[in-house]
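These are the structures in question, set out in turn.
Common to both upcoming complexes is chain A, partnered first by chain B, then by chain C.
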Partner chain A sequence: MVKLAVIFFTMILVDNYVLAKFLGICPFLGVSKKLDSAVGMSLAVTFVMVLATAATWPIQTFLLTPVDAAGNQKWDMGYLQTIVFILIIAILVQLLENFLKKFIPALYKSLGVYLPLITTNCTILGVTILNLDNGYNFIESIVCAAGAGIGFLVAMVLFSGVRRRVEQAVTPKCFEGLPITLVAAAVTSLSFMGFGGIIDAIFNVAA
Partner chain B sequence: MSENNKMKILTNGILNENPVLRLVLGTCPTLAVTTMASNGIGMGLAATFVLLCSNIVISALRKIIPDQVRIPCYITVIAGFVSVVQMVVKAYVPDLDKALGVYLPLIVVNCIILGRAEMFASKNGILDSALDGIGMGIGFTVTLTIMGSIREILGSGTWMAGLGKLVPALGADFSIRVIPESIDTFSLMTSAPGGFFVFGILMAGATWLTTRPKKSAPAVEGGNA
Partner chain C sequence: MNPILMAIILVTVIGLIGAVILVAASIFMYVPVDERVEKITAVLAGANCGACGCAGCADYAKSIVEDGNAVNKCTPGGAACAAKVAEIMGVDAGSSTPMKAVVACSGTCGKTGKKYEFQGIQSCQAVKGFYGGDGLCKFGCLGYGDCTRACAFDAIHIVDGIAKVDREKCTGCGACAAVCPNAVISIVPEHKRKPVVLCQNKDKGAETRKVCTAGCIGCMKCAKACPKEAITVENFLAKIDQDKCVGCQICVKECPMGVIHVPASE
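Coming up: the complex of A and B.
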């Protein structure tokens, strides 16, 4: 249980995907202008992230690189990982879009516009691959994906606040728009570095 | 189409439509792998290869692929080439594979590649698309290298460390020491905030270069970077 909590909170605060690992910068810069769209995008991302992890983990473990009872690899099709995962994510996003449109139109209305963008959001593919690289089991992977999603949400919400202030600042002409936003992101990311070590201290574990 | 125009397509990607600094595409790998200049070169070359091949194939198939399913088709083509790059890099430059880590498979979702497929290759002929791919690739590589150089020199005091792994002729320990070891390095530059910061400054520089009022003298490219 402690291990799961450690993974979850590490993903949110210390290994935040956006601010520490540089995944999902495009939506981070693109949709963080308004608070409600930032929240909508992040919720959609979290949802797809967990679903994608739940779908890709068994595929990698049982289809691409299966291991028999004695621990020997039966066959290795790991080189297909990239192509299989991205197709699964694309299909998943499409299915989710159709499902929401049909059964939960209210949710579709609020998340709908962000769904097509998610296919090319590198956090999704990143989290599914990193989970396997880290050797997490199924439950740990799901928790990690959820943590990554919440971490994305936290970063987006915080940054949309920062951004509102930055937009009104007077800057040199060539810094207007994105450049100054990136400098602001640097400061936000700097503040997140302060969380380093907090998880170990709270849960009393060595990293 | 005239010679001049072809040249323009090729050079467009380097400054005027620089994919990273002007179009703001592919920001994730830009920020993530540029802790060292040599990683920037490696990433840039890998992406250039994928960009060139996918642009050619997508341009060749542009009349066959139905409009409604074009995005999945593009992604499949791109993912195929990324897998090729992944296998080649793993086999011949395993150190680069380790340094780039998850960002190598993530070239699939690099918006530069899908973006150029959608914006350029799906509307233009094969030769033009190939030129566009090369130009954009060079722009990407140059930007990554410049950013990597700034962060590496300020952050660890060396330049091009690890290049020996890309070019075996230089020897594995190749690196140029720019800041003497006795001076403490500004290690923040190699961590996350430094990435955002340098990126912001570079983008402002590119904006200044491309939008400043033209005087008589021809622009000096990349001079202030």
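Coming up: the complex of A and C.
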């Protein structure tokens, strides 16, 4: 239980995908202009992340690199990981879109264009692959994916606040627009470095 | 088994399963799309200008069909477009008066003068920063053509010191009105007979006279002459209520300064 909590909070604060691993910068910069769309996008990403992890973990474990009872690898098709995962994520997003359109039209409408954008979101692929690289079991992977999604939400919400301040501020002409936004993103990311080690200290896990 | 063959089979099978699931999903979760949306999107101007208040033409088409939005809001498309949309929707197009830009300033070169010689960046925005502009009148058209540069239709130009709208080319998108630092330009319904007060000066009559020979001095003559009480004078500036105005043009003849004009007839 403690291990799951450690994974969850580490993903949010210390190993935040956007601010520490620099994945998913595109939506981070593109959709953080308004708070409500930032929250909508993040929730959609979180949902797809968990779903994608739930689908890709078994595929990797039982189809691509299966292990028999004796611990020997039956065959190794790990090199297919990227292409298969992208395929799975694309199918999932499309399925989710159909599902929302039919059953939750209000959510579908508010997510709008962000839903198809998730298909090519590198955080999703990053989470699914890094879960396996870290050797997490199924439950740990799901918790990690949820944590990564919430971490994405935290980063988006924080940054949309930062961005509003940046937009109101008077910036030098040469920094206007994207440059000052990137500088602000860098400072936000730097501030998250302050969380380093906090999880280990809280849960008394040896670093 | 041959590893290449196996990889191909694996990816193909996963892809096929996914395809079957998606096809099944699109059949079971089919949501009928109103075909009128596509038809209306096709007849709209396609400029995605946002003058209708929606995020682009497709969004406007959707809001017409789903939320019952008015059919005559496409400014660039004009009356022809509204008629086509109305035909698709099976409703009356309504009297769609085209919206056009009006420059509410009559201070051409001979009528008003300069406060100082401006040699900075040649833009209205820049000159506005120096004592409210280089013109004697601080309300009028600055004449450095920010609107000309903002116009996507080449419909507004600086003629004789002030901005002049090409009535044919103007689509009423409002890009010029948005950039004008003095807010001289407004987008009003282009009625063939209804006049507009072409002045923004809110100073007292005597002060207005000093800076411009074609400024509204707030003498109330037009307001008294108007048979429909459509004209009000506020802050020494006459304003014509376009809803009450019937286009009799008595005010045009009454105005001693000659600042009331019918934009459409010029």
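Note that in this section the second predicted complex is superposed on the first by the 206 of 207 C-alpha atoms of A that agree within 3 Å, B and C clash if a C-alpha of one lies under 4 Å from a C-alpha of the other, contacts with A are read in each partner's own complex, and residues count from 1 in each chain.
To be clear about the criterion, a residue touches a chain if its C-beta (ideal position, glycine included) is under 8 Å from a C-beta of that chain, and two chains touch if they have at least 3 such contacts.
These figures come from a predicted structure and were not determined experimentally.
Does the superposition put A:Met193 against chain B (first), chain C (second), both, or neither?
Touch partner of A:Met193: chain B, not chain C.
In the overlay, answer first, second, both or neither for which of chain B and chain C A:Leu87 touches.
A:Leu87: touches chain B and chain C.
Could you tell me if A:Pro66 is touching chain B, chain C, both of them or neither one (first, second, both, neither)?
Neither chain B nor chain C is touched by A:Pro66.
In the superposed arrangement, does A:Ile25 touch chain B (first), chain C (second), both or neither?
first
Give one of first, second, both or neither to describe whether A:Thr120 is in contact with chain B, with chain C, with both, or with none.
So A:Thr120 only meets chain B here.
Which partner, once the models are overlaid, touches more of chain A's residues, chain C or chain B?
Greater contact footprint in residues on chain A: B.
Which partner does A:Ala185 reach: the first (chain B), the second (chain C), both, or neither?
Only chain B is touched by A:Ala185; chain C is not.
On the A-aligned overlay, A:Asp133 touches which partner chain: chain B = first, chain C = second, or both, or neither?
first
For chain A, give the residues common to its interface with chain B and its interface with chain C.
Looking at chain A, the two contact sets intersect at 80, 83, 87.
Once bound in the complex, which stretches of chain A touch chain C?
Interface residues on chain A, with respect to chain C: 59, 63-64, 75, 77, 80, 83-84, 87-88, 91, 94-95, 98-99, 101-103, 105.
If you look only at chain C, which of its residues touch chain A in the complex?
Listed in rising order, the residues are 3, 6-7, 10-11, 14-15, 18, 21-22, 25-26, 29-31.
In the complex of these two chains, what residues of chain B are touching chain A?
It comes out as residues 24-25, 27-29, 31-32, 71-72, 75-76, 79-80, 82-83, 86-87, 101-102, 105-106, 108-111, 114, 188, 191-197, 199-201, 203-205, 207-208, 211-212.
Within the complex, which stretch of chain A touches chain B?
Those in contact with chain B are residues 19-26, 29, 79-83, 85-87, 90, 116, 119-122, 125-126, 129-130, 133, 172-176, 178-183, 185-187, 189-190, 192-193.
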